[in-house]
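Chains here go by letter, A, B and C, matching the order in which they are written, and residues are numbered from 1 within each.
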Amino acid sequence: MRLKSRHLLGLEGVSRQDIELIFNTAVTFKEILSRDIPKVPTLRGLTIANLFYEPSTRTRFSFELAEKRLSADTVSFSTNSSSVQKGETLKDTVQNIEAMKVDMVVIRHQAAGAPHFLARCCNTKVINAGDGAHEHPTQALLDLFTVWEKYKKIDGLRVVIVGDIKYSRVARSDIWGFKTMGAEVAICGPTTLLPYEVERMGVEVYTRLETALEGRDIVIVLRIQAERQQAGLLPTIREYVNRFCLTPRHLAALKENFTIMHPGPINRGVEISPEVADGPYSVILSQVTNGVAIRMAVLYLLSGGRLPNSRRKAKAS
Amino acid sequence: MESDKLIQVMDEVAVARTITRIAHQIIERNGGVEDMVIIGVRTRGAILAERLASEIERIERVALPIGVMDITLYRDDVQNKLEQPLVQKTEILFQVADKIVILVDDVLFTGRTARAALDAIIDFGRPRSIQFAVLIDRGHRELPIRADYIGKSLSTTLEEKVVVKIKEEDGIDGVLLGGR
Amino acid sequence: MDEYQLVVTGERIIEPESGYSGPGTVYIKDDSFFKVERERPSEKQLKELANLTRLIDATGLIVGPGLIDMHVHLREPGREDEETILTGAEAAAAGGFTSICCMPNTTPPLDNYGIINFVVERARSAKVRVYPIGAITQGQKGEIITEIGDLVEAGAVAISDDGYPVMNSGVMRNAMEYARMFDIPIISHPEDLGLVGSGVANEGFNSTRFGLSGIPGIAEEVMVARDIMISEFTRCALHLAHLSTAGSISLVKEAKSRKVAVSCEVTPHHFTLTDDLLESYDSNLRVNPPIRTKGDVEAVKEGLKDGIVDVIASDHAPHSQEEKEVEFQAAPCGMIGLETTVGLVVTELVEKGIIDWMEFFKKLSLNPATILKLQGGRLQVNAPADLTIIDPKKRWVVDPKRFKSKSRNSPFIGRRLKGKAKYTVVAGKVVFEAES
């Protein structure tokens, strides 16, 4: 079986069959993770570079663990974007990747389209681990997988994403993914944090949290960054908390057996109250476990197609 | 259909007799079935494992734990294929450490599948021993692997096909040989 | 028989001022047109002419006044690695332009007599005519107006802070009021920086999809509206550079209906490219103003068709490979255009019936000449002998290896085009002749 694309750059346009294939593969990997030796030799000899141009702990750890569980050789690079000169490094990296015969690259970058840049310039497979405000496909896949495991389906579920939609790559990937899998998706946030013509992505748009939550199965709460307030998009964080922070009093509006998700890291008391974040309906921790299984599935499914000849040459040089 | 060119080398009765014989050999060699587990390689090996287990149960009145193994992730050609094989679930819901593992597959050919299965089992724990049972050994090994229990040895050419049919999967039991 | 420097005869000579389109012959003597006849000489005369002088038989080609690109960036002084006055002029000649006007955003900027004079001196050895455009404000900082009198004296043909807007409306008012004294147009780069913010792409559904921060159309339109108002108030001629939105076009339409002294230009990329293409994140598509929506492209074409848009200019903006081969948002804005403009205009506008050849020579020659009060743009006796002869049927593929420009930043690389300059004639001299 094979995914349609040789890269995973985003979930926009990824078919339902492909997402289901990733799910089914992830089920197997989840079982492997529960073994005594939670490791398989599948990607032995394959070299994966993790390029993190933006601080990230959980996504990087999750990818690194997934790679190690599959026995791949990994090199990791992480830097704070402010410490590298704009642009230059990515081009340099491209050349290094070519020289090191890296088979696969996992990239996190503050610029939307940076993974596309790599995919275009190097002869390697690229997995987007978050690019600017564009997409974060593996995060959305693990959100979808977590929901799919709990409800055994996604079709017909009513999902709402709350918070800073405009600058959120998770929101975009979640919207595409949940829509493809047949969920009904709404977004809710202050108007200054809603991107232009977002309704054309096929979502309902709300600006009042109480209304947005009515009859929802899934609530995905996004992190609010202090920069938004500094950029003048919010008058104060206080007003945001008053209007959009998910607290226990909101939960009655939700459907029975509802789920609260958060891609992390959480600002407790800003976008979500601690009681809700740590409540029994929160799947935030199983999202973390599923993250490794989903990433193993993606790595495995994209790993095929290497020519034995070029491999031999690579080794010789 | 392919069956036009294929000749039958084992029928339903022969398959059943062979499984019974292997069951006896396993019991005899191990002096019983204590600490024994059975693991079959997906897909037909898993079904044969179940049959073997029920034969042993009939003889010894002991129900052995049965596991199913998908060896895709242990294959040595995964990265060379353009299309990744679909990974199926491995279900080994018991400890293999210090157990006698009877590994079951339908055909032993190059030995690569057996090699992958051995690695996979060892990742679950350290068994006391692993013994390998196959319905057909058709030769042409590419690795130093041998079976402990063999239903039938067939001398084949590389071009020939060995087709094992199992009721649960194919509607009938039997082994066919053919090709050029 | 007289001795001529060059004689061009053809079945299709276009003289945009008089509106003549038909057979004709142009006789050039001493850098200027000596005789312009609306007929072809007899075969016998042709043979005689051919013996005496250089004769171009433009049968199957289209002959018109030399094309003028009133909006290019030549990067000299400051970034001679990207383009120089001489290489830019060479690219212009290859693209069919006989005159180009270079914008002042160089390092240092063209904001004083000395530096305008430097450009004029450098341009003497250039293949085509190069006219500098002086800065509106000192250092293009948008604060204090330049010595416009000096700039004009040194040879500036217009005043603009292109590359940057004049954000302070009071400063713009002073500049227009002051420039009127010298009878020189102000070229506005209409962009409100507050509305642009950190934007890198047209704000719309596509910027939402691709996660690129948006530049709304209104960032351009509020400045278009403002500058029209200031122009109307000060009675200074205003030329609006690189308009890109439907809203801007309708603002100009409305202003023209009130007889405000306003003219405007659009670029080939704004009538050919839409923001759907940003899916590739190709940094060669990063340009300012950004490529817009299909609706905007249609409105720009409509504006070209009904004459609201006076001029087509390339906004030729060379950038080094190193600077462009980066993430989309980190790339500098701009693309080269001198060598692709004619092909794009013919393919996208003339072939599709949006403008005819007469309009072609108006928007690319007569109108810029009129706006900037240049001598070119006309096939008339005593006018400077600048000609562009176009092969309207020539099919070609944009190939970066053939660019005369020092830079390669074009999103049109690989594109199939129809129509190309066959000869470029400046002051009676053939400065470019296409290989057949």
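Definition applied: contacts are C-beta pairs under 8 Å (C-beta built on N, C-alpha and C of every residue); 3 or more make two chains touch, one makes a residue touch a chain.
Computed from a predicted structure; not experimentally measured.
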{"item": "Core chain by centroid distance, with centroids computed from Cα atoms only", "value": "A"}
{"item": "Centroid comparison with chain B (C-alpha atoms), farthest chain", "value": "C"}
{"item": "Averaged-CA centre spacing for the pair chain C and chain B, given as whole angstrom", "value": "77"}
{"item": "Chain A-chain B separation of Cα centroids, rounded to whole Å", "value": "41"}
{"item": "Whole-Å gap separating chain A and chain C, where each centre is the average of the chain's CA atoms", "value": "45"}
{"item": "Residues of chain C whose C-beta touches two or more other chains", "value": "none"}
{"item": "Contact footprint of chain C on chain A as seen in their complex", "value": "12, 86-88, 90-91, 109, 111-114, 116-117, 120-121, 131-135, 169, 172, 195-198, 200-201"}
{"item": "Sites on chain B touched by chain A in the complex", "value": "70, 72-75, 78-91, 97, 119-120, 123-125"}
{"item": "Residue numbers on chain C that touch chain A, as the complex places them", "value": "203-205, 207-214, 216, 280-281, 322-323, 325-331"}
{"item": "Chain B contact footprint on chain A (complex, rising order)", "value": "1-2, 21, 24-25, 27-29, 31-32, 35-37, 39-43, 45-46, 70, 300-301, 303-308, 311"}
